[in-house]
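Below are structures written as structure tokens.
Two complexes are shown next, each including subunit A; its partner changes from subunit B in the first to subunit C in the second.
And now, the complex of A and B:
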């Protein structure tokens, strides 16, 4: 366990270092020279770092942590391993909220837009839960299937509204997960999402219990409804914030908890820190790939995550099925 | 049998208006009414608001009409068969990654050939590549998942959906690595459009769709049995798995041809088939197949008429249908009208 922790820590440190160094403008590869202020080069490096590279790396880590934690909570509440906010319509509803802001009140401040996105996400998640109660779940595959179609429906609604308002292109660019616009002063709200990840850790035991199902957890003395609403609230707010600041990063919340639960199991209090660390590592890795694959240009991280995440999802899906778990 | 006699007695005892009403409540009557509406919308489509010369208008609109009809036939029959196989009313083959596979093929071709070679490329060659890659890969997917393990179809569908996401992301990745000229050429090829079909391709696709649909219709009795589910169908003497594969192959052909013709349409089939179930008044495929085709024709043709002459909507019919079909899906799920 200790060895694993140290190993994980080293991997993260290495990724953080690469994330700071890789970029269009070259900076000195020796961190000791960053703060020396010995010459102009050093000052310039420091400026690039504080304005762009450090905010970006922090934003990545915060988004990685909060998104994978949100995915894990969602999986506990729905009691299905194959869901996450981006495959259950939550993220699409948040995007729809943003689009409506863009159309009817383009001048709103970022915070208000974010609140609207969160409210839409909340409504959408609630509607999805309502849908789930109404369907007859015969196979593990039905829940993510309904979620994906539901998300696609909202996607069609977004396309319809955006097409009418001739905003197709701008909403598309905005929604696509991308950290290239993250600068100092443009990402700070993600700290709030990160805090929610910590809050989730504090209340982790409740979610573990809720994951046993309504009847069982109520027998064990849990106020199921309250925990359920609390969980949905966490997930929606995290989705709303991340969509509004950096766009949609698909599959992160789905793949990370699954990979972690293969190794450490489902007790959230043990699993959550691992989920957070793995989420941060995976998103850092994808962002580095996104920046290097067409260097000196870069590709939105949402695209890279889509390719890698869907492949991992397929692996998880086909791996789990032969045991007759459906 | 008893039922029939009762109906006959009723028919004899009632007046002619009542007889008419009974006729229109029966499956063939409902079908006849739907066909009448479809014919009417086709006529309206061809003749309404003609401004240029008749000859030109009829040529132009006729070509578009044929495209709409081909798509309506292919997508409606494919979706109906797919829902029968899966015994589930919320599924269509189109959500299983067909459209994104189409996108990926187009993108890869532009990416590998460059925009000039892509524009000059023989249309038949392009069509052949698209249809064979789509049919081939979808069939091998079914084979892989179905034979690898005794699998619920839901897993198969989910695998299809996720593959769709994968194809989609992969083509997005390739598009990001293209230069702007290539990207513009590609964008023209990607949007579902009922205007752009090539007339030779149209005839070729039309013939293929017609033959496949006819073949599907001839299987209506077997389909009725399969709709009861695998155990019952097997008990009644259907060799289930070969039939499943045959039907899935037919569905792949239909959807591939339609998609290669006009580009992706996702929720259209869902909408059409559910309306057909609701309006046909029977579960027999003898009526269901023509009914869903007719409703498909009405949706597309009447939809075009209304969009063009009724409103000056500047939206695409495909986007509108996606949206309505999507809402319809939600209502269906909430009403538990499926599975």
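And now, the complex of A and C:
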């Protein structure tokens, strides 16, 4: 375990370093020269680092942590390993809220837009949970299928609204995950999402119990309804914030908890830190690829994550057949 | 006998007059034109015109030609008067409402670029021409399309006058732009930025108006790869390219949503370090003209004028 922790730490450090030095402006690869004020080059490096690279790297880490934690909580709440906020309508509802803001009140501040996105996400997730209660869940495939259909219906609503407003071309650009515009002063709301990830860790035991199901967990003395609502709240707010600040990043919340669960099991208190670290590592890796593949231009990270995430997911599906049935 | 000869004279006269008229009609009214998807000959000046191309609408507007129907939801700013009655909504820029078009019984339908895939279907309803403008040679294509319209509607003299004005301004722009330093064209959309090179839809700012591009000199291979939709870039990209002139097309403003979004997006310390910012040479282009209308007579005139004014302002400040 200690060896794994050190290994994980080194991987994250390496990715953070690469994320800091990869970009259009060439930066001295020796970190010691960044702060020395040795010459003009050093000053410029420091400025680019503090204005652009460090904010982008922090934003990536915060989004990676919060999204993968949100995915894990979602999986616990619906007791199914093949869901995440982007396949259960949560992210779509947040996008719809954001789209309505952009159409009817484009001048709103980012915070208000974010609050609207969170409220829509909350409503949409609640609706999904009510929907699940009315469905006879006979197999593990039902929940993700219902989620996908539900998400697709909301996606159709988004397309309809966008079409009516002649924004069909814009809407996908707006909601596609992309960190290329992250600068100092333009990502700080993500800290709130990151904090929610930490809060989730503090209440991890409750989610582990809730994951056993309503009857079992209530027999063990858990206020199931309260924990359930708390979980929905966490997932919705994290989704709302990330969609409003950096857009939709698919698959992260789906593959990271599954990867981690293969290795450390389902006890959230153990799993959560690993989910957070793996999430941060995966999103950093995808963003570095997004920056390099058509250098000096960029590809939205949502696209890269879609490719890498779906490959990982296929791998998990094919190898973890017994797990899927558990 | 006398009666008979009168009859002959009368019929000959009638025939002659009729023939004369018919001949005269031929000479002034029959126009045959070639367009992107074929040929069309018109025996009369069209009076019931439907256009799906806003550039053509803009040109017809400049030439005082009236139209019947157009995508009324897609017109803003200068063309806003076409957004309601008496103009009929003929569909969207991309999708014609065929039933409405058929019901109007037009004698000329104009499509281009965004609506050109509908050419065949529309042509089966009414005589249709495709006035698409694609790729390089923007000004040449613009002249060709607008002179076609001037010819169809017999407005050549007015057209020549306007064209001369534009060509004069282009010459003026070129005399300034060759020493003005390198330029970069970006498009902002939903809080994101794409860079456009000389091969793109805005490329005529480089090859017609004479600005050299920050994208060509260093890496020609990359520059030619820039597609018509541009490539997503970061602020750091602009910082590193460090253009002397930054031309900004605010797409969100072009389609009628938030105004001033591009200005807010570019108001950051990374952009403030660029040469363009420091010498006050960030130019916010009229997005309706550049992005939506493009090759219309008024639009090109205004586009060239706004670049000329920006150059003159910068020269007078130095």
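Just so we're on the same page, the second predicted complex is superposed on the first by the 322 of 326 C-alpha atoms of A that agree within 3 Å, B and C clash if a C-alpha of one lies under 4 Å from a C-alpha of the other, contacts with A are read in each partner's own complex, and residues count from 1 in each chain.
Operating definition for what follows: a contact is a pair of C-beta atoms (placed from the backbone, for glycine too) under 8 Å apart; a residue touches a chain by one contact, two chains touch by 3 or more.
All of these numbers come straight from a predicted model, not from anything done at the bench.
Enquirer: Give one of first, second, both or neither to describe whether A:131 is in contact with subunit B, with subunit C, with both, or with none.
Expert: It touches subunit B, and subunit C stays clear.
Enquirer: Tell me which partner A:22 touches in the superposition: subunit B (first), subunit C (second), both or neither.
Expert: neither
Enquirer: Using the superposition on chain A described above, determine whether A:11 touches subunit B (first), subunit C (second), both, or neither.
Expert: Neither partner.
Enquirer: Now for A:167: first (subunit B), second (subunit C), both, or neither, which partner does it touch?
Expert: A:167: touches subunit C, not subunit B.
Enquirer: Considering only touches as defined above, state whether A:300 meets subunit B (first), subunit C (second), both or neither.
Expert: In the superposed model, A:300 contacts both subunit B and subunit C.
Enquirer: On the A-aligned overlay, A:102 touches which partner chain: subunit B = first, subunit C = second, or both, or neither?
Expert: A:102 contacts subunit C only, not subunit B.
Enquirer: On the A-aligned overlay, A:159 touches which partner chain: subunit B = first, subunit C = second, or both, or neither?
Expert: A:159: touches subunit B, not subunit C.
Enquirer: Which of the two partners, first being subunit B and second being subunit C, lies in contact with A:250: first, second, both, or neither?
Expert: A:250 sits against subunit B, while subunit C stays out of touch.
Enquirer: Of the two partners subunit B and subunit C, which one touches more residues belonging to subunit A?
Expert: Looking at subunit B versus subunit C, the one contacting more residues of subunit A is B.
Enquirer: After superposition on the shared chain, which partner residues are touched by A:145: those of subunit B (first), subunit C (second), both, or neither?
Expert: Only subunit B; A:145 stays clear of subunit C.
Enquirer: Take the contacts of subunit A with subunit B and those with subunit C, and give the residues found in both.
Expert: Touching subunit B in the first complex and subunit C in the second, residues 294, 299-300 of subunit A appear in both lists.
Enquirer: Touching subunit A in the complex: which residues of subunit B?
Expert: 90, 95, 145, 148-149, 151-152, 154-155, 157-159, 161-163, 165-166, 168-170, 172-173, 176-177, 266-267, 314-316, 319-320, 322-323, 325-327, 329-330, 333-334, 336, 339
Enquirer: Help me check something: in the complex, which residues belonging to subunit A touch subunit C?
Expert: Spelled out, the residues of subunit A in touch with subunit C are 23-25, 47-48, 51-52, 102-103, 106-107, 165-167, 170-171, 173-174, 178, 180-181, 183-186, 291, 294, 296-300.
Enquirer: Residue numbers of subunit C touching subunit A in their complex, please.
Expert: 73-74, 92, 189-193, 195, 222, 231-237, 239-241, 251-252, 255-258, 261, 265, 268-270, 273
Enquirer: Of all residues in subunit A, which touch subunit B in the complex?
Expert: For subunit A paired with subunit B, touching residues are 82, 130-131, 134-136, 138-139, 141-142, 144-146, 148-150, 152-154, 156-157, 159-160, 163-164, 250, 293-294, 299-300, 303-307, 310-311, 313-314, 317-318, 321-322, 326.
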